[in-house]
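In the two complexes that follow, chain A is the common piece, with chain B as its partner first and chain C second.
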Partner chain A sequence: MRTFAIISMLAWRNLWRNHRRTIVMVSAITIGVWAMIFMSALMRGMVNDMVRDGIRALPGHVQVHHPDFRDDPSILNLIPTSDSVLTAAFSQAGFDGWSSRVKVPAVISSERESRGVTLIGVDPALERSLDAVGSQIAEGRNLEDVNDGGVVIGRKLADRLDTEIGKRIVLMSQDPDNEIADRGYRIVGLFEASLEQVEESFVFVAKATLQKMLRIEDQVTEIAVLASDYRNLEALTEQVTGLAGENVEVLPWQKLNSYLGSMLKVMDGFVLVWMIVIFLALSFGLVNTLAMAVFERVREIGLMLALGMRPSNILGQIIVESLLLLVFGLILGNVLAWASIVPLQDGIDISAVAQGMEMFGASSVLYPALELKDMITANVIVLVLGFFASLSPAWRASRYEPIEAITKI
Partner chain B sequence: MNIIVLLAWRNLWRQPRRTWLTIGAMVFSNALLVFMISIQFSTYELMIDNTLQAFTGHIQVQAPGYKDDLKMRQLVPDVRSLAKSLRRELGLETIAARAAAFALASSEERSYGLQIYGVETRYESLVSTIPGLVRDGRYLKDPDASEIVIGKVLARNLRVELGDEVTLLGSGRDGSFAAAIATVVGIFDSGVAAIDRSIAEVPLEFFQDVFYMEGAGHQVVIAAPDLESVAALKRQVEDVVPAGLVVHDWNALQPGLQQAIQADISSAFFMYGVLVVLVAFSVLNTQLMSVLERTHEFGITMALGIAPGRLGRLVFLETAFMGLVGLFLGALVGGMITEWFGYTGFSYPGMEEMAANFNLPSRFYPQATLLTLFLGPIFVFAGGMLAAIYPAVRLHRLHPVEAMRVAP
Partner chain C sequence: MIAVRCIDLCKTYRQGDQDIKALDHVNLEIKSGGFVCLSAPSGGGKTTLLNAIGGLDSPDSGEVWIAGRRIDNLSKGELAQLRLTQIGFVFQAYNLIPVLTARENVEFVMQVQGVPAAERQDKSTAILQEVGLEGLEDRRPAAMSGGQQQRVAVARAIVSRPELVLADEPTANLDSKTSDGLMELFVELNQHHNTTFIIATHDQRVMSYARRLIRMLDGRIVDDINQQAA
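After this line comes the complex of A and B, so read on.
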């Protein structure tokens, strides 16, 4: 213990013999660590946002469909079990939120224009528990009950159709016998969403009204269930499978939207690669600094060895010196990262490239997300890899032959 | 001057380990930059080409506002003769007229909404890759036949095969009810689900009949020979096009494309910037050390009458030598890595799903160009030179007598 105290003291004093070099190295580590954490926070923020928006658009973390529905979203691929049986089962299960819905492709026509949309029949009471897209009403009102005769469309779609609240539109789809099913609806509300594409493609009506129009009594095409956490959905998927009856496909969101699912995984890999790259760029400077420090002190090291200091203590001294540098850099880097992210908590406006971000599936405000996990990863990488990088110069220092070292000029 | 050059070069190799470590930092960053920038640039090119060649073209003539609203009544009157006169005036064949409408397509079993395009059967294949992607059957031939070509996913969803009839329901130009029956003659497979699911093409004259277009259409699509000629071509088109119509280039037609690239570039350049700064610190440390340890020596040379400015130049020259070795070695290593992946293809887990979103294949074959080889390394070099300023300037504060007193 005393030996450790001595070598730590020696390492500490040695660091400040050449304070310029130490300051330059600590600044480099600080900037590297800051960049690791700051960039990760930006990336995490973007992906979290995308996942959150994506899950709201799906909606839900786990969905139930007829096995063919996802490839062929047709009214013919209904969930076999009747809606009332499902409702009884699902409302007992104590989910954070769930909703059974009718989702079909349809054509919406105003007086002037027609568009293809996804028509969704919802139970407004259940839908509220899902926090799905369509619930942010910008103008007018939301649907009130399952028999509401109104329709809620996106703001953007209303523009495209040249229509507004109070006007009538016609929705056209097919019934199970492939007869055209159509009905006029009055627009009662306009919703807003962070992605234009969502505002353009989703149209909401009351579930019972739509079931009547499509002539499917008491049946639905989709059940969405909300989990408390968006990771680890195996247990929930199993529970839902138990409730959903025969001949259905139950999938978590990562499978329903494979782009988002892989995005999340790619981002984990990316954050790690980024941190390692930064560290490697730093490691050259670190090894260099330590090598210089050893080189300048050859005579001194030789003297210490000649006086009986063990080589392992020399090794330890150089490693402690390196770790002190790293710890300094880490502390400053972490503080700097924290200090630069906190003022950005309200979001960074990147609307200049909004349509480009929409191609990524991201919105035009970026909220950096400082995650403890990433901070820990960054610190561990720097310390562990830094330790290994300092082994080589430290080893060389401890292997000097005392006589040769002392006589070296 | 020659002596200074020689001096600088020799000084570098007094501490070969230190010099190589500093150069190593440069080579590492440079190789990484070359590889990343090569991938990025070849991806962007592919992304633009794939997106534009599929359907959009490089330039379109439209009615004002059509681009944003896609409304049926935002018309280009007499669209076929406009396309014809453009072909004549510009001496370019790759120009085609189109009309577009939204319709409900019904087969015997299913109905789906789709975007239906009336196209000039003779010219469409010159501006879009879709005609060439017909896997089953053939593309449209007669300008007024009641024929339709649809995407693979749509065909599967509608449960139709070649020769089956599809009923189209929509609203015509004046908002009145439009209906027609067309025979499926071809099924295309673009590999982009969004296109294969929602686009169908019919002959323009047939379209104009069904939707009461009275000769009008919605766009004249122009494919330029390459991206560089778009700006010049656009000006030529503007001269020919009658008043009341607007000319958009691909940037205006697909604003997301350019912005996605911009967003990607700016986040990437932030990362590259950090790398450059870290290398600069490495150089700063090395040069600062090498200046400090030569204090005694510099004192003597100054006492012998060499101006601090010349010593400063020496330090810069040393840095430049290191930087140049790093630059060329880095470009070489980076170029080799890029060539290797250009040969075997580059991919990472999860890339397929992400790439599909941007009309990209699931494997990249990066190409190194002169730009991508040297863009990154030049910034690293410049960063290193900036870092040498502080050690060089310190020399001016050196007093010969005091400096000589410092132990060698």
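After this line comes the complex of A and C, so read on.
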């Protein structure tokens, strides 16, 4: 410890002995760290967008269904407990948001076209807290209450059906006795979503109106609950299980949409791999810089050893030199990443490749997400792996025989 | 008291297909406060002997004793500690650390020894004054002449009052005037501080300052002259 001051001073001064080399190396580390954090923010932004859109299309982070509903999402697989009992229980639970729904496959017909859709009967008051796709009304109005006689469809679906607000459509499904259940609705609103597929697939009507049409009084097919943190759902899932009654399946969104769930995990791994790949490229420069610095100072190192400095002090000096380079690069890289991401947080328009992005479920505006954990990961990777990368030249320097080093030409 | 004792030292180097005997059964005793010159033509073994005495090189056989302690069988760490605390070195060239100022170079050994900053400052100021470098404390080696650099090296070698100073061709890169100045400084330090000096050289002017002159040839001591007596 007593030699730390002299080691640090020597490391610092040696760093600036060859300004150009140090500046090039610090610049390389800065750009590498920036690339790690910036690209992670873009990837996180894309995944967050996909997850957010995916959850809004479901919507709800934890959902309750009949155990067979996921395999056969029909009216036959209703939640056994009545809607009023469930409402009484869930209203008291203090969730950030929740809603009960009737969700069935249906056919929608306009005067000209018919299409298969997912028909969802909602309570508009409860849905507002969930920020579901249907609540983003682009034209017209939203559903007003559970007895509203109108229907809200996606703008794209309206185009497909060649219809518009004010016109009537017919929705047809089947009741629990396998009889045709249908009803005419007037289009009162058009919603927009970031994915066209969502606009074409979902049709929203009032819950009580749909229950009457399907002849399932006071029963629902789905309960959706909103979480404050969409990644950590274990406690919430447990709480919902306690409230949902018997013979139901309570699942978090990752299991309801396994593609999105696994995408999130894959992206975590991808970010880590990306960071390590960037560092490996950097490490060649770092090792080369340190090896050159050691090679240029062989006689000086020999002199210090001859004067009584221990090999461990030489090792420490080279490592401190490496860490100083890394710390400079990290500070500048973090600042640069922050400075380049913050102005882009209102979104980057990638509409030129929007169709391709939609294949992955991402929208045409990318919102970079600068996450503290990614910054910490990048910093830890650079520092820890940088430390190990500097060990080789540092070890070589400390192994010199003083007299051989002093006389080295 | 005996400062340095070498018993039957042998050291052989391999050069191509040939074995070169750098030290050939060298026996030597130097008393504390001695001022000794080792003289030999190039390849005569003087630097090898100096390095063996300083713990920088290990002999193939024989024993080296410094101040009553055998050092040829010490570990690297123990040798580093010995060099740090008991021996001062002045080399022919590359004597100073280029990124440190004259004062910092002088303080380097003390700093590694763990001497407090205030004490280091006092000692380095005094020693730099003693070697005639007052006012140049904050200059880096590149901004000093060869003679000034050697004086800084001497100051560093003696600042922590080692029992033994080993100097390998200390005047090789200096002009005659500067060489005389440096040797007078060595003599003065030897007399004032009773420091033992062993200087390897083939410069006749340097040899004339020594009280004892040891001549070597092909790794053997061929002459040992007490010049004071002569």
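One rule holds for everything that comes next: the second predicted complex is superposed on the first by the 407 of 409 C-alpha atoms of A that agree within 3 Å, B and C clash if a C-alpha of one lies under 4 Å from a C-alpha of the other, contacts with A are read in each partner's own complex, and residues count from 1 in each chain.
As a working rule, a contact is a pair of C-beta atoms (placed from the backbone, for glycine too) under 8 Å apart; a residue touches a chain by one contact, two chains touch by 3 or more.
Not measured: the values here are computed from a predicted model.
Look at the residues of chain A and decide whether chain B or chain C touches more of them.
With both complexes superposed on chain A, more residues of chain A are touched by B.
Can A:Ile31 be said to touch chain B (first), chain C (second), both, or neither?
The answer is first: A:Ile31 touches chain B but not chain C.
Under the stated touch criterion, which partner chain does A:Val342 make contact with: chain B (first), chain C (second), both, or neither?
A:Val342 sits against neither chain B nor chain C.
Pick one for A:Val380: touches chain B only (first), chain C only (second), both, or neither.
In the superposition, A:Val380 touches no partner, neither chain B nor chain C.
Go through the superposed model and pick first if A:Ser262 touches only chain B, second if only chain C, both, or neither.
First partner only, chain B.
Does any part of chain A touch chain B in one structure and chain C in the other, and if so which residues?
Overlap of chain B and chain C footprints on chain A: empty.
Considering only the defined contacts, which chain A positions touch chain B in the complex?
Residue positions touching the partner: 18, 20-21, 24-25, 27-28, 31-32, 35, 39, 42, 71-74, 76, 105-107, 109, 111-117, 159-160, 162, 172-174, 178, 180, 258-259, 261-263, 265-266, 269, 274, 277-278, 280-282, 284-285, 287-289, 291-292, 295-296, 350, 352-361.
Touching residues of chain A toward chain C in the complex: what are they?
Residues 2-3, 5-6, 9-10, 13-14, 17, 299-300, 303-311, 313, 402-403, 406 of chain A touch chain C in their complex.
List the residues on chain B that touch chain A in their complex, please.
Residues of chain B touching chain A: 15, 17-18, 21-22, 24-25, 28-29, 32, 69-73, 101-104, 106, 108-115, 156-157, 169-171, 175, 198, 255-263, 267, 270-271, 274-275, 277-279, 281-282, 284-286, 288-289, 292-293, 348-354, 356-358.
In the complex of these two chains, what residues of chain C are touching chain A?
Against chain A, chain C makes touches at 51, 54, 56-57, 76-77, 80-85, 89, 91, 94-100, 104, 108-109, 111-114, 156.
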